[in-house]
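Read from first to last, the chains carry the letters A, B and C; within each, the first residue is number 1.
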Amino acid sequence: MKKRIALLMALTMAFSVTACSGGAQTETKTETETGKAEAEKAGTEKAETENGEAGSEEKIELTMWARASSAENNQTITMDEFNASQDKIHVTVECYGDNYEEVLKLASQSKELPDIFEISGLGNPTSYMEAGLAAPLNDYITDDMREEFNPSAFTKYNIDGQIYAIPHQTRYIRAYYNRDLFEKAGLDPDAFPETLEGMYDAAKAITEAGNGEFYGFGLPIKSGSTWERNVDDIAILSGLTGPFGFDYTQGKFDFAKQKPIIEYFAKLYEEGLMMPGAESLDIEVIRANFIAGKIGIYFDGSWMVNGYNNEIEGGDVTNWDVAPVPIFEGTERAKDYLMLESGHCIAATSEHPAEAFEAINYLYHNIYSAPARKDASMVAPSLSLIDSVNAEINSTEAVKALKGSVGLTTGTENLSSFVVTPHSVLTLEGDDRNTVYPLLVINSGEVNMDEELSKLSERYNSALEKAVAEGLLKQEDLKPEGFDYYTR
Amino acid sequence: MKKNRITFGRICIYVVLILMTIYCAFPLIYAFFGSFKSSVEFLNGGANILPAEWDFSSYGKAWKEANFAQYTINSLIISGMTVVLTLIVGSMAAYVLARTSFRAKPALLAVLGLVMFIPNVVLIFPIFHMCQTLHLMGNIWSIIITQTASGLPFLVILMQSYMVSISKEMDEAAEIDGCSFFKKFYLIILPLSKPILATAALFAFKNAWNSYLLPLALSLSKPEIRPLTVGVIALKDMGEGISAWNIMIAGSVLAIFPMVVVYLFMNRFFIEGITAGSVKG
Amino acid sequence: MNKAVKGRRNKRALHLQMFLMLLPMLILFFLFCAYPLFYSIYLSFTKYNGFTDPVFNGVDNYLRLFRDESWWNAVKNTFQLTLMAYVIQIPLSLLLAVLVNSKIKGQNFFRTIIFLPNVTSTAIIGIIFFFMFSSYNGIVNGILMQLGLIGRPIEWLGHTFSAKVVIILLNTWSQIGYLMIMFLAAIQKIPKELYESATLDGASKWQQFRSVTLPLLGEMFQVISMMCILNGFQLFDSVKVLTGGGPGNQTSVMALYIYNYFFNSTGAQQGYASAVSVCATFITAAVGAVYFLITSKKFGQKGE
């Protein structure tokens, strides 16, 4: 007994020792790591970075927070390059992954925001702007810059004429499909169905050909974003509603309009044309199975073309391709859904807003070719809001030869964003859409869909009224004059 | 005849116990062998427990790429320091509560008992707020201190009930020799309480090592201070990535097995601890 | 006179020492338990988005709480899962305690292995169960299909009922050893003579169990029961990892519901989340109060 206690004591002692040394170790480690990265990038400035602090004393130190989950991503690569390209400013990028919004909330509360923060993944970025946490950018945005950017870049985060953030990424939804499985099912892999009816037939043919080995369609029912990426996208393309069932022609939520689309997915589900276990699957599981050749078709964001080509193991082996999202037969195709939720703000508390803007400006012009510069095999089709950047990257042979780049770049002229997306501002009382829709698809036979959808609309509309009353939303933005899904 | 019946009863006993043993050990065995499967094999599933081809690379990847080295150190620091803090703070409080009586004592004991029933999640957000006020946010000590605080009520009651049962003769003798209240604690009660201290230490260690919700919330703003549990599960919710199953399983094994090993060596303390605690109830 | 002064000084010194030795615990308790609880109560009367100042809004949050069907569904699930866990775990752990206590070989081995799950992290084991029960490639379906027991994969985590079954399986897995050891401790405290005299009276094993073991377990039985129930009310890790409350909110439990409102919601929901927290605390405290009533009554009886 005594021996064991002694052992325990010894263990505890050992822990307390590691406790002290552990902390110190981490710090030195990060220092050397960034040091190394800089040395690699800097080249000419090698001497200076090796000295570490000595050289950077005159430099203006800026901090930037990003949502990325891995430390090596195109934002950090670009910022390392920026640091090496001039000797005035040094930007340190910190990445937070999935919990990004919580981190930002916390920091906002204690007014400890970094100089630059990304607004990707935030429920309601405008609330940060209205709370005075973001600095107005009008003074920095030159006319030349306005010309370069897609005009929608400057409308999204515009409050009373002041711009508080500039989106940098165009995100949209595409159908991803497996060409090999199309062939196995006797379908033409070059002709991805243009109608939902055609996609149903394809899913059926693939599932039958698979006979339990692979399945026609993949729907990650457990992921909240599924409904925006599947149901909303089709609704927008069909001119029915905007995101989250919001109808800009009526200025209110109308989920009933999405019913045929929900029924469509419920049918796929019921007839077993979806990969089994869809109810408990996350998007990452769907991706893993897609790339393992278990799923014929699924919908995902444009950025996954980059993901599969560059980052994900097996993406280079599987014969996948990309096509525009289909709509119902006989429907006229409306404008495509351009999501602009990713961009950057400068903190109102930043002491160096001009320098921070310089950094952002560099980022926007260089971020899309960053992986390729870092590793020549990691070419990326462009998703920038700056046309010249897109043209430059997309004209390279390497990008043209990339899997999925044809499908990705077809019809991009049709993309357009919604200036206001009311759902992100609401304080909803009760279950949100993402909680209700899964049940409608899984239990389509048992639930009264009309009733559920009208309850949902009621819930959203009452929250909408409150938000309007509180001044969070303006009536004229909700029902813009002469709004039309086909010309917006 | 009679012998037969006994044998039949025995067989029943063994069948039940063996089934339970399989139930209890299976997930751990499955995880252990699963961690040596390649990503593709793991994804394909099937009924095989053993990997078709042994692939050791997941561990290397987990250790380096997924930052598990850091998480393991964090887990060790958090659990180790929680044990130290719990033993110091808890044993003193338990001693006072065991050896003296004062007006607020019954109320204090009742409150400590009741607090155990508050769902942890209820307190998380205000604890957040508190850590911010104390400027502890993003510091590994925020996890250590809150972890200690959340485990204290149970462990104090556990230690207190043991100390109550220690005979008072020794400390009465010490008192005559002129020992102060604190000295009695230090010289007599602590050495006599070694078994329960060991048990409390194990409990504190186990709880801190396995804790998920508290460190999850407190390491939101600083991934560098995540313990293993949070790190492993973060791999599952990578968001816009793709889950690296094999790395995750390897990570799970790394997170679970140290505790299993500690237990197998010291299971007597665990079991005695529960028994000691249950005497009082 | 002198003695009295000395006594008083001694007493003061004693009180000071007592106070100082209790102080660290009291500070921790105040900072991380009492204060947070009161802060929650304060927030529950406000509208709060987590980063701008809270705005007082009276009892709105509580009114909303009573109308919130999903919350009461989560409460219902919590009670349901707790009850299911109770009905399965109490008899099973008692049975195991009796079996492990009987004269068999490998007693120690069984005891050690059955208790083993209790030392692992539920959150992590949740991931492993998630893989084991995943419908397409999970090993459970794999084995069941190979044995020919099922024709097509069961979608364990996709349907409310089967998802709850898996949650219970996981909960039982991690708790059963703990409960068993508690019962074992109680059984071992029962004087051997009682069994011997019962055997002399010709009582069968079952009769012995019913007339000796069970009644003498009485007090411990209450304690273990309540541990099992309170464990049910704390249910969080396993549900979060296994189903995340889905499909819909069908498998959500109190703790998870609160967590989602605090950490995964848009708009100004923190005040409402606090109100839900306060409600959950009341529900749990009510159960806790019942626990104290029952056990103190038992102890009282024993004292007389």
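Of note:
One rule holds in what follows: contacts are C-beta pairs under 8 Å (C-beta built on N, C-alpha and C of every residue); 3 or more make two chains touch, one makes a residue touch a chain.
Given the structure is predicted, the values throughout are model-derived calculations rather than measurements.
Looking at the partners of chain A and chain B together, the chains they share are C.
The chain with its C-alpha centre at the largest distance from the centre of chain B is A.
Centroid to centroid, with C-alpha atoms defining each point, chain A and chain B lie 37 Å apart.
Separating the centre of chain B from that of chain C, both taken as means of CA atoms, is a distance of 15 Å.
Distance between chain A and chain C, defined via averaged C-alpha coordinates, is recorded as 38 Å.
Taken residue by residue, chain C touches two or more other chains at 134, 136, 263, whereas all remaining positions touch fewer.
Counting partner chains per residue, chain B shows two or more touched chains at residues 43-44, 236, 245. The residues of chain A that reach two or more other chains are 102, 106, 109, 289, listed in rising order. On the side of chain C, the complex with chain B involves touching residues 13-14, 17-18, 21-22, 24-25, 28-29, 31-33, 35-37, 39-40, 43, 95-96, 99-100, 102, 104, 110-125, 127-129, 131-132, 134, 136-139, 141-143, 145-146, 173, 176-178, 181-182, 184-186, 205, 219-220, 222-224, 230, 233-234, 236-237, 241, 254-256, 258-259, 262-263, 270, 273-274, 277-278, 280-281, 284-285, 287-288, 291-292, 295. Only residues 9-10, 13-14, 16-17, 20-21, 23-25, 27-28, 30-31, 34, 42-49, 88-90, 92-93, 95-97, 100, 102, 110, 112-127, 129-130, 134, 145-146, 148-150, 152-153, 156, 180-182, 185, 206, 209-213, 217, 229, 232-233, 236, 245, 248-249, 252, 255-256, 259-260, 262-264, 267, 270-271, 274-275, 278-279, 281 of chain B touch chain C when the two sit together in their complex. By the touch criterion stated above, chain A contacts chain C in their complex at residues 102, 105-106, 108-109, 123-124, 127, 131, 212, 221-222, 275-280, 289, 294, 423-431, 435-436, 438-439, 442, 463.
Those residues of chain A lying in contact with chain B across their complex are 1-2, 4-5, 8, 11-12, 14-16, 18-19, 22-23, 25-26, 30, 69-70, 95-99, 102-103, 106-107, 109-110, 121, 282, 284-285, 287-289, 291-292, 301, 303, 307, 311-314. Every residue of chain B that touches chain A in the complex is listed here, in rising order: 39-40, 43-44, 70, 73-74, 76-77, 79-81, 83-84, 128, 132, 137, 140, 194-195, 197-198, 201, 220-221, 223-224, 234, 236-243, 245, 266, 269.
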